[in-house]
Amino acid sequence: MRVLSLIISLLALWGVSTLFGSEAHWQIDMGSFGLEGVVIGLKATALANFFALLIAIGFFSISLIASKYKLSKGFYALLYLLLVSLFLIVYAEDYLLFFVGWEVMSVTTYLLFSYDLSREALIKYIVFALASAMSLLGGIMVLYSASHSFLYTDAHQGFIALSATLQVIFILLMLFAFFIKLGVIGFHYWLMDSYEQSSDFFTPYLSAVLSKMGIYALIILLVYVVDIHMISGTWLAYTLAIMGLLSSIIATFKAVNEDSMKRLLAYSSIAQLGYIVTVLSMADGLGGALYHSLIHTLVKLLLFINIAGIIYMTARSKFSELGGLIYRMPQSFVLLLIGIISLAGMPPLAGFASKFLIYTTLLEGGNLLILSAMLFASASAFLYIYKLIYGIYLGHPTSKRYETIREVPLAFLIPQYLLSLLLIVAGVYPGIVIPYFNTILKELRLETIPFESYTILGSEMASYNGFVLMSAFVGVFVLILLFMLSLRSKAKEAKDRFDIAYCGEVPDEGTHLHYGFSMGKELKRVGFIGVILRNSSSVFYDYISRQLFGFATVFRKLYSGNLSFNFNIAALFALILLWWGLR
Amino acid sequence: MKWSIDISGTLSPLGILAAMMQKPNTIAYPAVKKETAVGYRGFHTNLLVDCIGCANCQDVCMNDAIDMIKTDKEYNVKNSSQCIPRIDYGRCCWCSLCTDVCPPDSLKLDEEYLGVTQYASDFLYMPKDK
Amino acid sequence: MIILDLALMLITAYFVGFIYYGLYRNITARFQRRIGPTIFQSFYDSIKFFGKKEAISHGWMFYLGPIIMATGAIMTLFFIPFFYQSESFSGLSGYGNLFLVLYLMLLGPLGNAMGVGVGGNPFGVMGVTRGLTRLFALELPFYIAVVAIMSISQSADIATIAGSQTTINAFAHPLLFIAALFSFVAMMGQSPFDVVGAPVEVYSGPASEFSGKFLSLLMSQSAIFSFAKLVLMVNLFLGGADGFFELLWKTFVLFLFVIAFGAIYGRFKTPQSVDFLIKVPTVIAIVGLIFATAWGN
Amino acid sequence: MDEGFLKEQQVMESDLNSETSHKSSVDFLMDWFRRRSIFVLAYGTGCGAIEMPPTFTSRYDAERLGIRGAATPRQADVIIVSGYCSYKTLRRIIRTYEQMANPKYILALGSCTVNGGMYWDSYNTIKRLEDYLPVDMYVNGCMPRPESILEGFMALQKEIGDGKISSWQKYEDNYAFYRKNQEAVLGQTVAPAYDADWYLYDGGL
C-alpha cells in the first residue's frame, strides 16, 4: 500500500508536469444526457497546473512519510479519492464540476477525519463543510440564473447581468463558502480541532494543500467571475483586505498562546492565508498571492512533517511536555530552523521573496495602512515562531526519556530535505518562478511581474538580488566563524545541561528550567491583544448552536409519537394550504 | 494595564540634563584624596617610649588579635616584660578597646588605613612607633 | 573593489560604533554626576573579552547564535548606503532595498535567540521572551513611518529616499519622525524600553550565559548594529549625508538624543512598553501617515 | 604529597608569579587591555558589600578606572569576597567562581577573609578563604573604605598589567587540595565537580 501510494504520487507529479505548457482540454455537452445547454469540461490552464503542482508536491511529501503510519486500506482509498477530487477542482472548467469536486473533497476529508477526530470535532467539521457546500451551491445557482451556463468563460457576462443585490448575494455566498475552507478568522471554528486531532500523516496535506483550494476558488471567483481589474475600491476589495488582515493579526496573537504544536501551526496557517486573501484584494496582487501560496505550501509541509516526526518519536504534542531535543535530533532542528526562517520571511531564504512581492505590490498600490498592518503581523509572528522552535528543541528536556531519544527516521527527513532544498534554491534565485507566474498572469490577462533575471526579484520601486544576498550572508557568516575559530580563546563545552549561571545555585532534575514555552502570557495584560486572547469565536457559534437546539426542540414537540394527533395536524395544515390556494 | 498621560512626570526628569553642566560629585581617588574624619580608627600606632608591656590590650581583645612579642627595639625602661603588642589584622575589627584600656595611652589608632597585599601573612602588623 | 568598500564600511562602523558607545558611557556618567570612563572603554572591554582564555559553550548552536547575530548586524550595515550620492561606501545597497533592511534587522535577534534558548539558562530565555514581545510593538510605529516615507519618495531604495528630500523628512513630516523616534529609542535598547537586558532583574537577560569571545562578539555587533541603525535613521529622516563630516554629526546628534532620552526615564515593564508603543507612537504615526499621504496627493 | 600540612604549606607559598616566564607578546598586549577593563561580579557576599555602592557609583566612580559591574559570573573577571563567609555563602562563592571564565581574580576584603576576623570562633563561618579559593589581593580593614577598595583594584590592575597574577592557574593545579578543603566544611552540599572537569578538559571549538 505504501509503495503504491508513492508510485501514485510520483505518477501524479509526472502527470501534472506533462500538462505544463499543454493546452489539454476536454469538454462535453450534457445535452445528450438530457441536460440541455449544460456544458462541462476540464482544462489544463496554467493556473490550474500551478495548483495541481501544489497538490502533487503535497501528496508526494506525505506519501514519503506514509511508511511510518499504520493506515488501513480504506484510508488509502479515501486519500486517492481526495486526490481525484482535488484535481477535479483545479482542472474543472465550469462550476458544476468544481462543485462536484468541492463536495467530494469535503466528504472525503470528513471520512478521513473520522479515523482520528473526536465526535465533537467531526460534527464541527461536517456542519461547516456542508454550510460551505450549500452556500457554494446557492452562489452557483444565483450565477446560473443569469448566465445559463456553468462555464467560467460565461461567468463574467452572467455576473454583470445580475442585479446589484444579486451580485452582492452571490459574492457573499461564494465568500462564505471559501472563507470556511480557508479558515479565515471567524470561520475557523472547525479548523482548530480538525488540525489538532487529525492524523499527523494527514495534517501536512490539510494545511498545505486543502487550504489552497480555498485560495484557488477565490482566485477563480475574482478573476473569471468578478473581473479583478474592476475590484479596486469596491466593497469586495475592502472585505477581502480587512478579513485577511484580521486573520493575520488575530491568528498570530492566538498562535502565541497555544500550547499544542499543531494548534499553533494551524493558527499560523490561518495567518499566512490571511496575507494571501489580503493581497488578492488588489488587481496586481495575484503574483504575490501565487508566490506566497507556493512558499506557504512548501513551508507548511516542512513544518508539519517535522512536527509529525517529533510526535512519532516522543508521542507528545505539547510544548510544555517537550524541550531540549536539539542535540538528540540535530537534523530535524536545522530543518525546522529553515522552515521557520522561511515562515517568518527572513531574507536569505525563500520566505522573504514572496512577502517582498506582496509588500511591493501593496506599496505600489498605495495601500499603506494595509502594508503597515501586514508588516506588523509579520513581525509579531516572531513570537510564535520562536516558541515553536524553543518549545521543541531548545531549553531543557522535560522528561528523562528525551535524553536518550534518537533522530527521527529517514522517512521523515527525506521530504524535509527536499522541501528545504527548494526553499533555499528559491531564496538564492527568487526570480526562478517568475516566468512561470507570468505565463499564468498573461493567460489571465493581468499585469505581469517585472522579470530581469533569476536572481533578481522586484520592480522599479524596489528590487533585491537573492544571489548577492545569499553569498554575502554566507560570506560574512563564514568569515566571522573563521575569526571565532582562530581566536586563542577556547570555547569549553559545558559538561552538563545544568551547568548554567543560576545565581550561584545548582539546578537539578527537580528544578523547573524549561519555561519559555509559556511566552506571550503577559500579552494578556495588553489592551487590544488581551481582548483578542480572551475572546473566541466559539462564544458566537455556541450561542448559535444553543438557539438552534432550542428551536429544534420546539419542532420536535410537534411530533409527539401519537400518530393520529400528527395526522390531524397534517390534515389541518393541508386544509389551510388548500384554502390559501383557492383564495 | 492602566496608564494615563502624566505631563509633569514626563517632563520633570528632564531636569537631570542640567547635571551635564555641573561639576561631578566624584572624588577621583588616586589624584584627589578625601581627608579622613577626626577620630577615624585607622591602623595602630604604639609609642614605644610609653608602652609598659602590660598586656592589657591582649587581655581585652575579644578577637584574640593581639600577641605580645619580644621586641629588639628600644623600649621603655618600665616595660618589664620586654614585650610589645603585635596586631593580627586578620582578626582585628577596629573596635578600639585596646586603646581604651592602654594605661600609658601609648597604643593609639592612626588616620592611615590603606593596606593592600597579595599575601595573607602580611597581615601580622607591628604598630608603628609614633 | 566592492570587497574593499565593504571592509571599509565595516571598519568605520566598528570604530565609530565603539567610540559612540564610549561617549554614551561618558555622557551617561555626566548625567549621574560622575566622571565616567575614557571613550575607548567599550573598545577595551571588547578586546579584553576576545582575549579571555576560555568561554563556556553549550554546543554548536550556542556557538553559532552570536555569529548569526553578528552576521545579521553586518548584513544590515552592508545594505545601508552611508552617502546618498557617493559610489563608495554604498556597500550592497544597490542589490537590496528598505524592506530587505527591515527584515535583516530582525535576523540577528532571532539567531541569537536560538543560541540563548539552547544555552538553557532560564534567565536568558526570559530576556528573549521579553525582547520578542517588545519587538513587534516597537516595530509597529516604525513600520508605519517607514512605509509612509517610502510612499512619499515613491521608492524603497534607501539612497533614493535620502537624496529625494528637499526639506528633510524630520521637518516635513514631524509626526512620522516623532513616532519613529520612539521606536528608535526602543531599538537602541534605551530606557524606558530596556526591559530586555535588565541586569538587576533578569541576570543580564539574553546575554546571561555568554562569556569571553561570544560576549565580545555580541558587544562588537551591538556597536556595528547601532551605527547601522543610526545611519538608517539619518537616511530616512534627516536627509542623508553627503560626506563623512555630515554623516558623523547627524548620527551623533541623533545618538545624543537617544542616550539623553534613555538616561532620564525609568523602565517600563514589558506589557507596559507594548501597551505604550502600540498606543501613543502608533497613533502619532497613523496621523502622520494620513497627513503625509493627504499632502502628497 | 596531596594531603596534610606540607601540601598546605606548598600551596600557600607557591609563587603566584610563576607564570611570567612564558608569556608571548600577544599575552602582553592582552594584559594591557585586561588591566583597563575589569568586570566585577555584583554579588555582595558579606557585610562589606555595603562599601561597594559608593565605590561603584558617583562618589568614587570606579568606572573611570575601567571597573564596572557584571550581573552574571560568566562575564565577570573579579569576584569580591566582601568579608566573612558562612558555609552557606561559601558554597555559592565557589560555584560562582568556578563559572567565571579564565583569567579570573578574587579580591578579598576585610579581616574575616584572612583569619576569621571577629568570627574567629564561629561554628559556621570559614576562617581562611585561602584554604578554599585562591585569593589574589587582600584589602585591609573592617570594612575597608572605598579608597582602600580602589587601592586594592589598582594593585590588582598593576599585577595584571605586568602579567603576574595567575591564581586561577594555581586553583587548577592544586584543585584536589582546594576541593578537599571545600568538602571538609561543606560535605555533600558542595557544588558538583563537573565545573572543575573543565580544567581537565582540553579541546572544544
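Going by the order they are written in, the chains are A, B, C and D; count residues from 1 in each one.
Rule of thumb we're sticking to: a residue touches a chain if its C-beta (ideal position, glycine included) is under 8 Å from a C-beta of that chain, and two chains touch if they have at least 3 such contacts.
Bear in mind the structure is a predicted one, so any value in this text is a computation, not a measurement.
Engineer: Based on Cα centres, what is the most central chain?
Structural biologist: Answer for the innermost chain: C.
Engineer: For the interfaces C-D and A-D, which has the higher count of C-beta pairs in contact?
Structural biologist: C-D
Engineer: Using CA atom averages as chain centres, what separation in Å is found between chain A and chain C?
Structural biologist: Computed value for the inter-centroid distance: 35 Å.
Engineer: If you average the CA atoms of chain A and of chain D, how many Å lie between those two points?
Structural biologist: Once rounded, the distance between the two centres reads 59 Å.
Engineer: Counting in whole Å, what is the centre-to-centre distance of chain B and chain D, each centre being its mean C-alpha position?
Structural biologist: From the centre of chain B to the centre of chain D is 23 Å.
Engineer: Could you pull out the residues of chain B that touch at least 2 other chains?
Structural biologist: As it turns out, chain B has residues touching two or more other chains at 1, 24-26, 28.
Engineer: Mark out which residues of chain C touch at least two other chains, giving numbers and ranges.
Structural biologist: In chain C, residues 29, 32-35, 51-57, 63, 123, 203, 208-209, 212, 271, 275 touch at least two other chains, as defined above.
Engineer: Which chain D residues reach two or more other chains?
Structural biologist: 26, 58, 61, 64, 72, 74, 99, 198, 204-205
Engineer: Name, in rising order, each residue of chain B that touches chain D in their complex.
Structural biologist: Going by the criterion above, the answer is residues 24-30, 33-34, 43, 62-64, 88-94, 113-120, 122-123.
Engineer: How about chain C: which of its residues touch chain B in the complex?
Structural biologist: So the residues of chain C touching chain B come out as 27, 29-35, 260, 263-265, 271-272, 275-276.
Engineer: Applying the document's contact rule, which stretches of chain D touch chain B when the two form their complex?
Structural biologist: 12, 16, 58-61, 64, 111, 114-118, 120, 128, 130, 135-142, 144-148, 150-152, 154-155, 159, 165
Engineer: Taking the touch rule as given, give the residues of chain A at its contact with chain C in the complex, in rising order.
Structural biologist: Listed in rising order, the residues are 324, 326-327, 333, 337, 341, 344-347, 352, 356, 359-360, 363, 366, 368-369, 371-372, 375-376, 379-380, 382-383, 385-386, 389-390, 393-396, 458, 461-465, 468-469, 472-473, 476-477, 480-481, 484, 487-494, 497, 499-503, 513-516, 519-520, 522-523, 525-529.
Engineer: For a test of understanding, state which residues of chain D touch chain A in their complex under the given definition.
Structural biologist: Interface residues on chain D, with respect to chain A: 26, 43, 72-74, 91-93, 95-96, 99, 191-192, 194-195, 197-198, 201, 203-205.
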